[in-house]
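Here is the structure we will look at.
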Amino acid sequence: MEGTRPFLRNAFIWTAVVALPITFLGCTRKKTADAVPVGVVLPITGREAKPGQYQREGIELAIKQINQNGGILVKDRGKKLPVREIFYDDSSDQAKSASLAERAMSSDEVVAVLGAYSTALGEAESVMPDRYQVPWITTGAAATTIFNHGYQYVFGTLSPTTLLGSSTAEYLGSLVDQGKLNKGLKLALALENTDHGVDYGNGIKQWSQQHPGYFNIVFSENFDLGSPDFSGLLQKVKSSKADIFLADAHLQDYITMHRQYLQSGMHHQMISYGARGPESDARKAMGDGVDYIFAGIWWSRNLPYPQVKKFNQDYKEFTGHDPDSWYPATAYDAMRALQAAIESAGSLNRTKVRDALRTVELKDSLLPGQVLKFGPNGQINTPFVIVQNKPGGKVDIVYPKDAATGESIAPIPKK
Amino acid sequence: MTLIDFTNLLVSALLLAGIYAVMSVGMTVIYGVMKIVNLAHAGFMMLGAYFALELFQRFRIDPIIAALLAFPVLFFLGAAVHWVLLRRLPRSDEPTLPSLLLMFGLWLVLQNLGYLIWGNTDRSIFTPRTLSVVSTVRLAVFIAAVGCLLLLEVILHYTWFGRSVRALIQNRYAALLTGVYEDRTAGIAFGLGIGFAGLAGGLLGSLYSFDPDFGRPFLIRAFVIIVLGGLESISGVAIGALVLALVETFSILFVPAGYQLAISFGLLALALIVLPGGLASLLAKVRRVA
Amino acid sequence: MSATSATLPARRMAGWAMTALPWILLAILAILPLLVPSPNFTRLLFMTFLWTTTSIAWNLLGGFAGQVSFGFAVFYGAGAYTTALLMNAGVNPLFAFLAAGLTAALVSLIVGLPAFRLRGPYFAIATIGISEAVRVVMTNLSFTGGASGYRILEHRPFRQLEHYYTALLLAAIAFAISWKIAHSKFGLGLKAIRQDEDAAADLGVNPYTYKLAAHALAAALTGMAGGVFARYAAFIHPGGVFGFHTSVHILLMPVIGGIGTVWGPVLGGFVFGIVEEEIVASFPEIHLLLYGLLLIVIILFEPGGILGGLRKLVRRFRDHR
């Protein structure tokens, strides 16, 4: 710097002196009043905005109902305290997701943090709970890599994705047993290149190995999430001459990929996009092009439980729309599990709440099997339901049999 | 690979080349006349895609026609941008860093405007035709693309403006001496380039889904193509587009789909470093050796 | 500059303040987290130091030597992944950071050896291609977890201040290097290259080796910043550390602050760090617009950035006195 003007240097000192305290003031937040502060970090902008919004609605519905009943009973305070939600939007950005979870845990004195939709964002957040010893319940991340590092404060209300893969294969196997599909069909897998995709693929591969003769996996390749163009991948799927096409994708990628699938005139006996399929956005974008797609999901609003019926009503009243796919349910139950844990701990102490979460059992859960209980690694293990899109916008549960609301249509009829 | 597979790939490569040529030709015109590397190209392509989407959704205009309509609209937008911003840049015979950063800033602004107006969920143009018969959309896109390229050739060769453009590309000083009005020519040329970007965006919007960050991979592809084409030659662009489309389409036979993008990006660096004069210089070299 | 306004003692004072300022700043920043024990505030400063480091690093090449690169995320990411892999292998974090710098410098040679045969804008475009290609490859590389990212498992309690002082030290080293170069023959050589590469070559400066050296130094600093970040975040993924937006941020800071100066990138880094982490977090929908407009305004009206603007302001103020 060639100048030697003292003014300039003063300007620097002033910037430093003025800017730092201002940001500091910006950082401090009001201390907790008489309430149970709960951090919620979800994407409501960005690529994952839609599912993130649905999950937020699930959590907020639970909070509303809890507060209408006077709040959560905290024994060592001797009274019921209302839940205060501290919400952060991570705009579907992993780094932001982690730092917002960190912020909630370190500066907002929350009892627990809920949220983290989609495996990618959950992975980034999952290093924070043990660092700050704050319980964290992910409502939308299911990859096993989050839960197998021995973390002590990490919980999740989604069954593992490997189970999704094996349930998918099991369902297809049941169709073979029924004689709807032939034995020895060729599978093509297109997996998102994240742990979610790896888990899903592993689930399918494991099941196929344990049940030889049912399927041959003739093609398996990964793809980038958020790519605008899957034509190369689909071209390869096409030339693999597979009978069944199984992809593991996010909502946006499901729509993009299936659109190109339809454009290139492809047809398979069965087709699935993993945990995506019945979303209303997809039908909006592709009309009856989404017919017959099946999906393995963590929850369906067609489940025949009374608490599900009530939830469907309350949710519609609260948000003005029906529950879309599985998203709000796992979030709703996460908040209720947290409530149960705080009540059984009788305290807002985070470690005590953590200990209580390990033993809590939600007996009227919305999820398949109706019981929510965290396993030793923090993840729940409820079964999946398989749903299939039917013509006219209907979505039927087709598997397991005892919850089915309709018959599987297999193979998919050619148009 | 059967002959049918091969023909399929070849045809899809050709169809792809058409649209690649349209998106790159605008960049070449701008570079040739103004020596500006248009980093904002992707932003204007994004605008073109949303323009087509809006026309289609609001007025049920066929998306291909909507893309063609994007051309004049973006042309005037481009001319306006030239008048407001680019005129103020110092003139130069080679691309300058300020011009690069300016266009980059413009790209950020356009992208953010996109986010503000349309949000950041993926959009796609969905017509009954999109799903019905194989590749009619691709074919229509290809025809529109080639038609516009031919029109550009006619304009460049048979109008006063076209001759001024070519004169400026060949030798700026000589062109100025013969009475080419640089400011106006540059303004029109920039408008033309942006118009083509909008057209390409509109056409691509019929093929792919898009969000406001749409166009970054295509921007890099456009770089590859104009570098292969020798930066300033319109016919070079056609060749570059064809080469890239062939390489990309046939590469899926050899590399996993996930790596497909890396090929065009890697090709860019390679082309810049090995072939700074474009394919034409390579041919010339080969001829000289022979 | 008019000599009339500054008398000799005043000038000496100014010179003293000039040398003292970095030390004072360092001292303030060193005790600040102890005075303000807020984890969130500490994190904000921590990130700001890392951004400042990368900003200073970019300026070595982009500012002093005039070689604009859109590809610094390659080094940031290379450093982050090197640190992550080594730390999981049980290497001491400090060595992991150094290795990160070394790896990044090595990568810079691989990039620079061919790319510096190109000039100015062509180099800039080539860096876009290279950085996107690297990101795509990293997204698909399975041994680093691909797009899923990579996790650092550090089996000891997390101490935020340790991270804070590492970052502060790194930023201070970066600043010292930048200062030293600005006042050295090497720095003069880089400036000559920026102004006229051919003329510089005639004067006995080898532009190719000079650029490579500046590139390697900048890459090493950026790589170490990436490494320090990786240890703090404990989870990295290609879309983040190798992302195009990382390159963009690294480029924006020095341009905003004042390109080619010692203090500009520091100013840019602080402004950016604080704006990005605090204010923009509340308005995510307009931050690109903000940066874009700032860039356009700076290029068209104030190529000296904030620093240049401040200087002009000070000059005008003084002339009116």
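In order of appearance the chains are A, B and C, and numbering begins at 1 in each one.
Please note the rule applied: a residue touches a chain if its C-beta (ideal position, glycine included) is under 8 Å from a C-beta of that chain, and two chains touch if they have at least 3 such contacts.
In this text the structure is predicted, and so the values were computed from the model without any measurement.
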Which of A-C and A-B has more C-beta contact pairs: A-C
Furthest chain, CA centroid comparison against chain B: A
Chain centre separation in whole Å, for chain C relative to chain B (CA means): 33
Whole-Å gap between the CA centroids of chain A and chain B: 39
Distance between chain centroids, defined by C-alpha means - chain A, chain C (Å): 36
Of all residues in chain B, the ones touching two or more other chains: 217, 256, 258, 261
Sites on chain C at which at least two other chains make contact: 136, 139-140, 285
Numbers and ranges of chain A residues touching at least 2 other chains: 45, 193, 222, 224
For the chain C and chain B complex, residues of the former touching the latter: 66, 68, 114-115, 117-118, 120-122, 124-126, 128-130, 132-133, 136-137, 139-140, 244, 248, 255, 285-289, 291-296, 299-300, 303
Chain A to chain C touching residues, read off their complex: 1, 3-9, 11-13, 15-16, 19-20, 23-24, 26-28, 45, 89, 91, 93-96, 98-99, 102-103, 106-107, 119-120, 123-124, 126-127, 131-132, 143, 145, 149, 192-196, 198, 222, 224-225
In the complex, chain B residues that touch chain A: 1, 5, 9, 12, 119-122, 124, 126, 130-131, 133-135, 137, 207-211, 214, 217, 248-249, 252, 256-258, 260-261
Residue numbers on chain C that touch chain A, as the complex places them: 1, 6, 10-11, 13-15, 17-18, 21, 24-25, 28, 32, 36, 38-41, 43-44, 136, 139-140, 145-149, 151-153, 158, 182, 233-235, 237, 239-240, 261-263, 267, 270, 274, 277-278, 281, 284-285, 310-311, 314, 317-318
Sites on chain A touched by chain B in the complex: 45-47, 49-50, 193, 221-224, 227-233, 235-236, 239, 252, 255-256, 259, 262-265, 285-287, 289
